[in-house]
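Consider the two complexes below, in which chain A is the common component and chain B and chain C are the respective partners.
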Partner chain A sequence: MHIPDGFLDTKTWLGMTLVSGGILAAVLRRIKHADIVRRIPIIGMTAALVFAAQMLNFPVAGGTSGHFMGGVFCCILLGPWTGFVTMSLVLTVQCLIFQDGGLTALGANIFNMGLIGSVGGFYLYGFFRLLIWGDRTRPAAYALASWTSIMLAAACAAFELSFSNTIELSIGMPAMLSAHAIIGIGEATITTTALMAIWRIKPEIMQIRKF
Partner chain B sequence: MITIKTVLPFLLAALLLAAFLSPFASSLPDGLERVAEVLGFDESAIDKPIVTSPLPDYTVPALGDTSLSTLAAGVTGTLVCFFLPFTLYLLRKR
Partner chain C sequence: MHHSYLDKYARRDSPMHRLNARTKLLLFTSLVVFVAAVPRPGLVVSAVLALSVFTFGAIAKIPISYLIIRSAVIIPFTGFAVLSFALTMTEGEMYWQWGPFALTSEGIGRSAYLLLRAWMAVSFMILLINTTPFNQLVNALRCFRIPSIFVLLLSFFYRYLYLLWDEAERMQRARNLRYFGGFWKKQAALIGNMVTSLFIKSYERAERAQLAMQSRGWDGRLRYARIESLRGADIFTLVISGAGIVILWVIQVL
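Let's turn to the complex of A and B:
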């Protein structure tokens, strides 16, 4: 759901650029050298996996395709704020090198997918873990959190489109949510499978300190 | 201690996905594009980008719209994403 140039009006894209840029700057200032140095290989690995998996559009109903977003995947591996920075990195590479998502919409895309869909999804995971008890239900919490993260990101995009007078909220919101409810099932399947595979292959990657 | 060696299998997995599955990715419009089509605001997208990207739409312009082109773009992007955190870290340390 990378928003292209032209969907958002100036007040909206400028506002979202300032919000995302401000949060990114604040987060980067707080990340300490000692904390980051040992985690660079995992950050690179996560960014590479998210990028590659995002290229793989799968067909869903009604002539539509969807692709992995990876916000919850990223934040579970790295922690919410490192995950946010990593998602921002991937979105910036996609925008600048691959023309996926407009430059004016980059702030909005970082906000929707990097912040709400990722950091928001991460805390949803924590919430679902409290609701469904025990280690055995970890996959269920991954699935629920990643499905909801897609819905949250799609809802943010609908708000921005309506704020830009591109499409009314009463029309845009149900359209975005119904399209992404199906795509979210793909997201949940991929997130859960990938994270459980990493638990199995290299549990030490899942056990690093996260922030 | 997590080193490059620890994460190497996953980098390889990412490269394999980008190289061999991306040419088979669905080219149908994604969720947002489809909503824009159905609701009729897809016209407001600006086709001419504000900055020109070297690999637009995950293709290498010199290779045209071929599987090889997508493969090359996918592998490049995956490597850029893997090495960018190392590069940014080294730049900041100096």
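Let's turn to the complex of A and C:
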């Protein structure tokens, strides 16, 4: 759901760039005073990992393929705001090197996938864990949070496209949601398998201090 | 597609490559912003912009075929959007209709504009990344008030990107040798296992890197190469292209 250049009109992309840029700047200012020296390698490495994991395609119905987004994955491992910075890094490099997502649409893409899809997904996970407490519900909470995060990000993209008068909401919303409902199942499976395995093999990673 | 394909021409030599990274960043960013800000470019403006893609390509000695093939990256999203767009517009002259779908002059015209804009913007970005090595680009970003911590993270990320990419490709090749398809949900779970193994490896690698950096006495700052000052050719390019964009904008508004 990386929106390319030319699909958003000026008011939308300018507004989204200001919103995402402002939030990112505020988060970076907070991280700066915290333990920057200690966390830079792991942030950079996780961003590279998410980028590499997005290369691994899995087939979706009808000959198309989907790939991992990883927003909820890195927010749960690193903490919501560090995860947001990580996703912003991934999206920036995808835009600059890969031309996946446009330069003017970068703000909108960071908002959809970094903020709504990742930080939003993290708090959804917290909410699902509150509903049923205990380790047995971990897989269900991971799966639900990552599937919902994909749907929320797709819905945001559809809203932005209709706000720019590019694609009408009545056409864009069902198309985006139905495509991403299937991709979301893949995302949920990958996120749950990976997080459960990390929790089983190296539980100390899940218990590091997060912010 | 292997990753060396992405910026295959970044380290060649041409008048375009010799320009300062800041000049190229400013030039191509303003072109992309111009393309994205003009809602419906006229015939003259579109022709000039499309021509400038090929002119810059020729100056930088980047083959046209490479530019075209690389810009296919926009097809999945754009193709889907353009098709749904072209088939559902009902204004204008009707050519064909079937149920809710219709092919009209207005629909074709607007989706052609959409495709053209997306293509031009992506071509300018491909030209930028293929004339400027990434380390120079990161260095140039520092001059445009991008927070230094973000630039630092970006260069750290880039340092490990291709390493992990190769590792992911190797794991995928090994999986394909062992495994020939099957139920797709099982495949997604397999990717989950690959992500786990990649994450644990890279977590340990990050710990080692951090310990090594701290024992070398790292204080949280990266030392970059000095930023070169703008030369005559840079100022000339900036003035000419700035004037060109203003003229195009005036033509568009009139």
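Assume the second predicted complex is superposed on the first by the 204 of 211 C-alpha atoms of A that agree within 3 Å, B and C clash if a C-alpha of one lies under 4 Å from a C-alpha of the other, contacts with A are read in each partner's own complex, and residues count from 1 in each chain.
Everything that follows uses one rule, which is that a contact is a pair of C-beta atoms (placed from the backbone, for glycine too) under 8 Å apart; a residue touches a chain by one contact, two chains touch by 3 or more.
For clarity, every value in this text was computed on a predicted model and none was experimentally measured.
Aligning the shared chain A places chain B and chain C in steric conflict. In the superposition on chain A, contact of A:180 is made with chain B only, not with chain C. Of the two partner chains placed by superposition, chain B and chain C are both touched by A:2.
When the two complexes are overlaid on their common chain A, residue A:56 makes contact with chain B and with chain C alike.
Once the two complexes are overlaid on the shared chain, A:189 sits against chain C while remaining clear of chain B.
In the superposition on chain A, A:30 makes contact with neither chain B nor chain C. Applying the stated contact rule after C-alpha superposition, one finds that A:97 touches each of chain B and chain C.
Applying the stated contact rule after C-alpha superposition, one finds that A:11 touches neither chain B nor chain C. Contact with chain B, but none with chain C, is seen for A:154 once the two complexes are overlaid on the shared chain.
In summary, superposing the two complexes on chain A brings one listed stretch of chain C into steric overlap with chain B, and the stretch in question is 149-157; the others among 59-67, 95-103, 131-139 or 149-157 show no clashing C-alpha atoms. Counting contacts as defined above, chain A residues 1-7, 36-38, 40-45, 47-49, 51-53, 55-56, 58-59, 89-90, 93, 95-100, 102-104, 161, 166-167, 171-172, 175, 198, 201-202, 205 meet chain B in one complex and chain C in the other.
Per the touch definition, chain A reaches chain C in the complex via residues 1-10, 13, 24-25, 28-29, 31-32, 36-38, 40-49, 51-53, 55-56, 58-60, 68, 73, 77, 85, 88-90, 92-93, 95-100, 102-105, 161, 166-168, 171-172, 175, 185-186, 189-194, 197-198, 201-202, 205.
For chain C in complex with chain A, the residues that touch the partner chain are 6-7, 29, 32-33, 35-37, 39, 70-71, 73-74, 77-78, 80-81, 84-85, 88, 114, 117-118, 120-122, 125-126, 128-129, 134, 137, 147, 149-150, 152-154, 156-161, 163-165, 167-169, 172, 184-185, 187-189, 191-196, 198-200, 202-203, 205-207, 209-210, 213-214, 218-220. Within the complex, the chain B residues that touch chain A are 1-4, 6-7, 9-11, 13-15, 17-18, 21-22, 25-32, 34-36, 38-39, 41, 44-46, 49-51, 53-58, 70, 73-74, 76-86, 88-89, 93. Every residue of chain A that touches chain B in the complex is listed here, in rising order: 1-7, 33, 36-45, 47-53, 55-59, 62-67, 86, 89-90, 93-100, 102-104, 154, 157, 161, 166-167, 171-172, 175-176, 179-180, 183, 198, 201-202, 204-205, 208.
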